[in-house]
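Two complexes are shown next, each including chain A; its partner changes from chain B in the first to chain C in the second.
Right, the complex of A and B next:
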């Protein structure tokens, strides 16, 4: 098992290098130089040229890229052009907001989505089944920012129940978490339903009923356990994506998470900040995917046996 | 969806297959509802000029700004006094064409790359797929934001950005469906009779992979419309005064306390469009599923 983990971690390196190259290249193409961002419009062009020179901006693209990568390997992510703070510090201070938002919305989506999906499968073609299917399809179709704005209008402007923006208390996270949970919730309902439908028709389920197990026991102990892989995949992958910052949701609710930071950094050509952010996002995403694969082994003995047999 | 009659003549195989799918699609009320809504929206986009003058959607009329829905302005007016209904009708042209064009282009580009990689396999496949891995690991929203920042905001650049971020998705889907049928007996038979590679891909492989690809394409149009609106929302979409749905909504953001209708109606338009595509795509998936055939 550990061999497999090491192999996966090593495989992450070329992908991360590739991502860094693509993003570095794209950022290089945007107009403006670092000195324009650091010194603003008032500085003289000589001063700007000198600063660009000292930052190594005038050297060839490939050399700058290699310098950056070498820096990252030494643990130096550089400093933001805009705030002057070290990139790592800034990202670290934003991370809790993004993490909480991802966590709450995934919990919300799972708590509603999985039971609803199971109910749909157990009572196929019933009223609850068709209602949840339509509800799921409608929920995927709602633009997230619109849902967010509508909730602000209703719960903040009209009813004054919840704060419209910020990220200080748990109350600040309620509306953003609902907004973010929407898509995952809808996908979860549909995926849980279709997987459970397949599992319920298996022979071992009939055997369990034949032994005299109650319906609840069969569903929870026999069927759900075998339907778990696609379900944790959806929750995991979406959690991974969310750790990269929900750009739009954070923007709607004025939250200081990674998504908002990345958006403003890209727009102001804050290259070290963008690079650091994108790398963190990609690493998080890969780690979550790796954890998911390890999870499979615990949920499904067949997968575990494969690791033992192959040794990799 | 249970009983499917083979009424179509068996001689014309292609047609009968299409008819069979249509027959099964017809039975899904949700899919037909989606199809009808989508058709209405497309008609609205095509005949936008007949319905309302483009001037009404663009020209500012400050004395009538921020009005709620009334007989004169069915959906009210925005911060510049422009009729929101007129803007939504003309916006359907922009929003729907962004959806359809970028999906068609990224399907063509991604499909071409994916089919070549999948068909030939080996080193070429390895190199292409590692590159696709990199593209897939960058969240599509970030990718779009980066590309739009490089190219500058505007409708055509928005199209490029969204297309780039969807190429990888289609590449993966087309490649995997090619891998599953590449070694089928009928492909081997075609090769044995001396059919060229290009012809095999075009005539034998592509038609047989169309099902899942069509479903994915239909659903993608919906998500493209959502992404485009989202990019407009963070200020990287089409430029004002062009009436893209997301842009109309975003312009209403500052009046959210006093005139929430500006935000409400374009949102409903986006939702209807995406919903119709999702209903249709979902119905298509069921209609094309061979396991549901009888």
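Right, the complex of A and C next:
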């Protein structure tokens, strides 16, 4: 098992190198030089050329890329072209907001989505089943920005219950978390339902009933654990995505998260910032995926046996 | 002594009718099946795939698929009490403790994420009337594993670590853990290879004798029937078309044409024929069963009356055959069109 984890962590290195290369290359293809961004339109072309020279912009692409990577290995992510601040500091001042938003939305989506999905499967074709099907359909169809704006109108403008923007207190996260959770919630309800329906038709569920177990016991002891793999996959993958920043939600609620930062950095061709942002998102995503794979082993002994054998 | 013990009826199924209903169609799976099982006796339920054997067995434990399987008519008396009238609580007590079941496919009938020890212990915990402690239950689990020939140390292992034959032994251990009075074995050896089949059957026989359990053995293997059954019922298209003691079925001169067809499908070493004689045609569509005798479309001796009227039950002592071929003078029990 430990061997497997170490192997996976080491595998992250080539993945991150690959991602860095692709993003670095793409940024290089876009027009404009760093000096244009740093000095603006008013600077003379001589001054710009001098700055580009000192930033090493005129050297070959591969050399610049390798320099950047070496810097990253030393812990130096460079400084933002726009603000002049170190990328690392900027990212880590934003990360807590993104992390909290992702965490709260996932908790919200899981706490509602999973039990509701189970209830739908256990009482298939019942009132609760049809109601949550409609509920899920609504949540998956509503555009995120619209839901966010409507909530602001209702809860902030009309009722004055919640602050419309910012990210200082827990109250600031309530509406963004609901907005963000919507799609995941809908997916979770449907996925939990279909997985559970599949599981409760298995032979071993019938065996459990034949032993004289109550319905509740069969669901909790026999069905749930078997249904967990697809469920935690959805939770994990969505959590990973959200750690990369929820651009729309952050924009609607004026939150300064990673998504917003990345978007504005891409627009202004702030290469060090974009690179730093993409790398942190990639690292987070890889870590979440690794944690997921470890979770699988605890849920399903067959997966664990595979890991022990050293297979991937 | 043997005779008096066997005389008590433990299970009586009367005129059981089961359908599977969906929005699109209604499958008539079991159509008026009646039989009894006496204490310590083994009843073999024989027939092709789709004859309604498993449906009959599942109905006894009320384990039919919740949304589609429906028992339309009939009663199932266990010890004089109608299982079909029982509430959930009574059913939970009945299942696993009084009646338990061995399922067809050992590969899928064990929960893959729970240890085999837990799965055996569960049935003991659910019917723990003697207030056994966790340790005593653990001992009983080990005892059951030993009984079915699995080293007790392996109780912490998961089903995927066992072979098919061993999984079926675990299933049998679960079924027998509470020493049920009736054991329903639904094709317990179909998924196993021949050498393991013999072992499993042998083991079930021994355990049954030791615990004086009655058994319903569902199979399409006539060899196994001859070996361990006392009574045999042959099912076709949801009906019992012939019933009797093993002696009646294997030795009697009179048979339902379908039974003859079944026996004709088994290779014989003392016969010189090159090919087997399979029954021509297929089972009728269970959503649209033929009028009259269900076997009439395939029957080599079909008469006009067979297509019109349901055949009467003709009795020769313990031997019952539902077929128009056998004397109209016999006792009539067959109803006209249902």
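The working rule: the second predicted complex is superposed on the first by the 308 of 312 C-alpha atoms of A that agree within 3 Å, B and C clash if a C-alpha of one lies under 4 Å from a C-alpha of the other, contacts with A are read in each partner's own complex, and residues count from 1 in each chain.
Definition applied: a contact is a pair of C-beta atoms (placed from the backbone, for glycine too) under 8 Å apart; a residue touches a chain by one contact, two chains touch by 3 or more.
Bear in mind that the values here come from a model prediction, so they are computed numbers and not experimental data.
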item: Partner chain in contact with A:301 - chain B first, chain C second, else both or neither; value: second
item: Contacts of A:173 with chain B and chain C, given as first, second, both or neither; value: neither
item: Partner chain(s) touched by A:14 [first = chain B, second = chain C, both, neither]; value: first
item: Which superposed partner A:24 touches (first chain B, second chain C, both, neither); value: neither
item: Chain touching more of chain A, residue-wise (chain B, chain C); value: B
item: Chain B versus chain C as contact partner of A:144, first or second or both or neither; value: first
item: Touched partner set for A:222, first chain B, second chain C, both or neither; value: second
item: First, second, both or neither for A:68, with chain B first and chain C second; value: neither
item: Partner chain(s) touched by A:210 [first = chain B, second = chain C, both, neither]; value: second
item: Touch list for chain A against partner chain B, complex; value: 14-15, 18-19, 22-23, 26-27, 29-30, 133-134, 137-138, 140-146, 149-150, 152-153, 157, 241, 244, 247-248, 251-252, 262-263, 266-267, 269, 274, 278, 281-282, 285-286
item: For the chain C and chain A complex, residues of the former touching the latter; value: 61, 63, 65, 67, 88, 91-97, 100-101, 103, 105, 108-114, 119, 122-123, 126-127, 158, 160-161, 171, 174
item: Contact footprint of chain C on chain A as seen in their complex; value: 124-125, 201-204, 206-214, 221-222, 225-226, 299-302, 305
item: Residues of chain B touching chain A in the complex; value: 30, 130-131, 133-135, 137-139, 141-142, 145-147, 149-150, 222, 226, 229-230, 233-234, 246, 249, 253, 256-257, 260, 263-264, 267, 270-271, 274-275, 277-279, 282
